[in-house]
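Just passing along the structure, written as structure tokens.
Per-chain residue numbering starts at 1, and chain names A, B, C and D are given in the order in which the chains are listed.
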Amino acid sequence: MTKILYFAWLREKLGAAEEDVELPKNLATVADLIAWQTTRGQNFAAAFGEKNQVRCAVDQDFASKTTPIAGAREIAFFPPVTGG
Amino acid sequence: MTKILYFAWLREKLGAAEEDVELPKNLATVADLIAWQTTRGQNFAAAFGEKNQVRCAVDQDFASKTTPIAGAREIAFFPPVTGG
Amino acid sequence: MRKKILIAEADFDPGAELEALNLPGAGGIASFTGTVRNDTGNLAALHLEHYPGMTERALEKIVAEAASRWPLLGCTIIHRVGRLTPGQRIVFTAAASAHRQAALAATGFLIDWLKTCAPFWKREEFKDGASQWVEARESDEEETAKWK
Amino acid sequence: MRKKILIAEADFDPGAELEALNLPGAGGIASFTGTVRNDTGNLAALHLEHYPGMTERALEKIVAEAASRWPLLGCTIIHRVGRLTPGQRIVFTAAASAHRQAALAATGFLIDWLKTCAPFWKREEFKDGASQWVEARESDEEETAKWK
């Protein structure tokens, strides 16, 4: 099981801050995972659709589309950061 | 009469913070005044000699060697500033 | 190097933080304080959300990067979370060094990087009850890029 | 623009000065505090002398120059004079603006210019009773030149 976290408007759109998911074995990278997320229903399709710039962290480090997710314990999705 | 002020080590070397001086009429610029100062005795010669980088303000504005001194009410001499 | 990284709902005291950075050998202490603006007059509050755990890691990295670039004696980052009203402090970065250029540059670096490399998100709450997530500014990315 | 220029023997409160710059519309407040260093361990005190009258004029000009370069909402310069011991505050510059870059840049500008364009002189008093006027640093001139 992989813990997936959502922040800011992603959390609101999906109605969840956190979930434990059994990821399909064929997902190799963040890009693969995002593509899979869009198949999980209307909310997910809207949140992870191409027009949204969703950012990702794998095990609490910023990740890119090509970052591998094998062995990851915690993956987070969120909009571009706006702190400070 | 022109008020002449001295600061920092100039004040110490000359033993005076302030004096009122009748300047010779032929002094046109700060450079002329510095040259004249060197003729006023040993202390003055040492303080205003070429090896010292004396700075000047005319009526409380930083002046250069070529700044005219005609009509000046207050002229100050001091070393390069070291505040802050 | 003295290092302080704090994420908290509570307000902080910039004067006390500056005092804490007056370390032996520190000739210059620079700081930046960010506050909640209300340019339109319609803002009731900002809500600051973050990613607990990752935020601390990200701020540690930013501080380490600053310490590798300048000879710092101390470094402070404070970021508030929760609901903040106009005029309230949000963020504080500060650095102490023997020389002023290092302190000032590091302070600017810390706030620039924090804005693009730490997982915080702002939501605007308006006086009419409406609410909206703040969008990332391209200019912030550019400010960070200039350090790279 | 709120402007504060102060030359005084007394100490000041950086926290209160930052608070005073938290003006409506100010999203960012930057500051620089300079303190008496004692790198060799031999320093008993610094003596700060200035040119009353001209100093105020010079600082006014520096603040006016900063205000012409950045959209500032507030600007503060405090410079102490008299005898100051290691660790004590000497100088404080701060600026408030809607945006952080302006506040940070103006704060750096104020301290750079103050170091070369305001009539202050430092004398070092050593623990053995000796005394020596501090010589101007070429690097300070260079820092100022970079703004010109």
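Here is the rule we use: a residue touches a chain if its C-beta (ideal position, glycine included) is under 8 Å from a C-beta of that chain, and two chains touch if they have at least 3 such contacts.
Bear in mind that the values here come from a model prediction, so they are computed numbers and not experimental data.
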item	value
Labels of chains that are neighbours to chain B and to chain D	none
Centroid spacing, where centroids are CA-atom means, of chain C and chain D in whole angstrom	23
Inter-centroid spacing, chain C versus chain A (mean Cα positions, whole Å)	26
Intercentroid distance (Cα basis), chain D paired with chain A, Å	49
Between chain B and chain A, distance of the C-alpha-averaged centres to the nearest whole Å	73
In chain D, residues with contacts to at least two other chains	34, 111
Multi-chain contact residues (two or more partners), chain B	none
Interchain contacts (touch definition) - all pairs	A-C, B-D, C-D
Parts of chain C lying in touch with chain D, wherever the complex brings them together	13-16, 18-19, 22, 24-39, 87, 89, 98, 100-101, 103-104, 107-108, 111, 143
Chain D residues touching chain B - in the complex, by the definition given at the top	34, 48-51, 53-54, 57-58, 79, 90-91, 111, 114-123, 133-137, 140
Contact footprint of chain D on chain B as seen in their complex	5, 7-9, 57, 60-62, 76, 78-84
